[in-house]
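In structure tokens below, several structures.
Shared chain: subunit A. Partners: subunit B in the first complex, subunit C in the second.
The block that comes next holds the complex of A and B.
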């Protein structure tokens, strides 16, 4: 007999698959962009900025070799000037969110706090992806629309 | 006494065919549970375990968190 002491909360916070009625509703981890560019603290900022722009992004998540989030580079930080390191320019310790947060809750929070993007991480801080507000709002809107249509039937 | 396992060890046990038992109330189980888990609410576990579980395979129990 074994006891998974950290329980269901630990499992869903890690963004692992589940079964039941709730998983059919999109959550932060489903909508977060997994293709967000990442970089390391010791990289040169201008090199990272060039790579990020070439990938069509205006943000990068600063992680270590285990993908634990250390900071965030948004457009303003990426344009912070030549000769600096990522560590000097990044916004350290950004607020992170768990993958199991319902998308409508995330969209509301990001709108209320004017967050353009939010890193989604597992409970042990590993990057799942970057949630963009416009994509969270779109997913929440589609969910609301589907629910309204369902009520009308 | 059960042996405590973390998420990584649990994933290995699932691959090995462990029986996964959620002990939370039925409503919480229906909302969401780990893949392949069965539900035995804590109050009924003693009565149900004997009939529902395969004695030859290991069992992992879990609830919501450490509490």
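The block that comes next holds the complex of A and C.
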């Protein structure tokens, strides 16, 4: 037997497996992109921006060696100018979201707030992935479509 | 209601949570200081289903 000391809420928030009917619904942690480019605070912004664009992205998450999120570089910060460090340009301490947040809620709020991307982390701040608004909206739409089809049968 | 630039005064109007009217420095969802639909951390977490209200109001 194993007691998860942090509790059930923390277990679910960490995106760990659960039972019941709700696990079949996609959540932020399922849709978040795990392949988001990451960088460190002491890197040169120019080099990071070049690497990020070469990978086809316009955002990078700033993490430490344990993948704890320190900051976020979106398109505006990546274009912030030559000769700066990541630390100088990043948005420090961005709002992060847990993997268990329902994708419909995230999609709705991201649309309302015109937020292009949102970092998803465990409750101890480790990066799970970056949730992109268009992918969240697509997943929410597919979920809604599937629910509507189910009702019609 | 919240956070837009006051064109006449040229200053930023204080942000207020759309859920509970609490004064805010920035929006807890998008981190913007001029968010048009700003929410506080507590209302944000409750609205997106990340936190739940306590099941019992009492200790036992």
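Note that in this section the second predicted complex is superposed on the first by the 148 of 153 C-alpha atoms of A that agree within 3 Å, B and C clash if a C-alpha of one lies under 4 Å from a C-alpha of the other, contacts with A are read in each partner's own complex, and residues count from 1 in each chain.
Simple rule for what comes next: a contact is a pair of C-beta atoms (placed from the backbone, for glycine too) under 8 Å apart; a residue touches a chain by one contact, two chains touch by 3 or more.
Note that the structure is predicted; figures quoted are calculated from it, not measured.
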Message: Once chain A of both complexes is superposed, is A:106 in touch with subunit B (first), subunit C (second), both, or neither?
response: second
Message: On the A-aligned overlay, A:115 touches which partner chain: subunit B = first, subunit C = second, or both, or neither?
response: second
- request: Have a look at where A:11 lands relative to subunit B and subunit C in the superposition and call it first, second, both or neither.
  value: first
Message: With both complexes superposed on chain A, which partner does A:95 reach: first (subunit B), second (subunit C), both or neither?
response: second
Message: So in the superposed three-chain picture, is A:80 touching just subunit B, just subunit C, both, or none of them (first/second/both/neither)?
response: neither
Task: Give one of first, second, both or neither to describe whether A:44 is in contact with subunit B, with subunit C, with both, or with none.
output: neither
Touching partner for A:19 - first (subunit B), second (subunit C), both, neither: first
- request: Starting from the residues of subunit A touching subunit B, keep only those that also touch subunit C in the other complex, and list them.
  value: 9
Statement: subunit A residues touching subunit B in their complex are 1-12, 14, 16-23
- request: Spell out the part of subunit B that touches subunit A in their complex, as residue ranges.
  value: 2-7, 9-10, 13, 18, 22, 24, 29-37, 58-66
Message: Please output the residues of subunit A touching subunit C within their complex, sorted ascending.
response: 9, 13, 91, 94-95, 97-98, 100-102, 105-106, 109, 112-115
Statement: subunit C contacts subunit A in the complex at 27-32, 35, 37, 44, 47-52
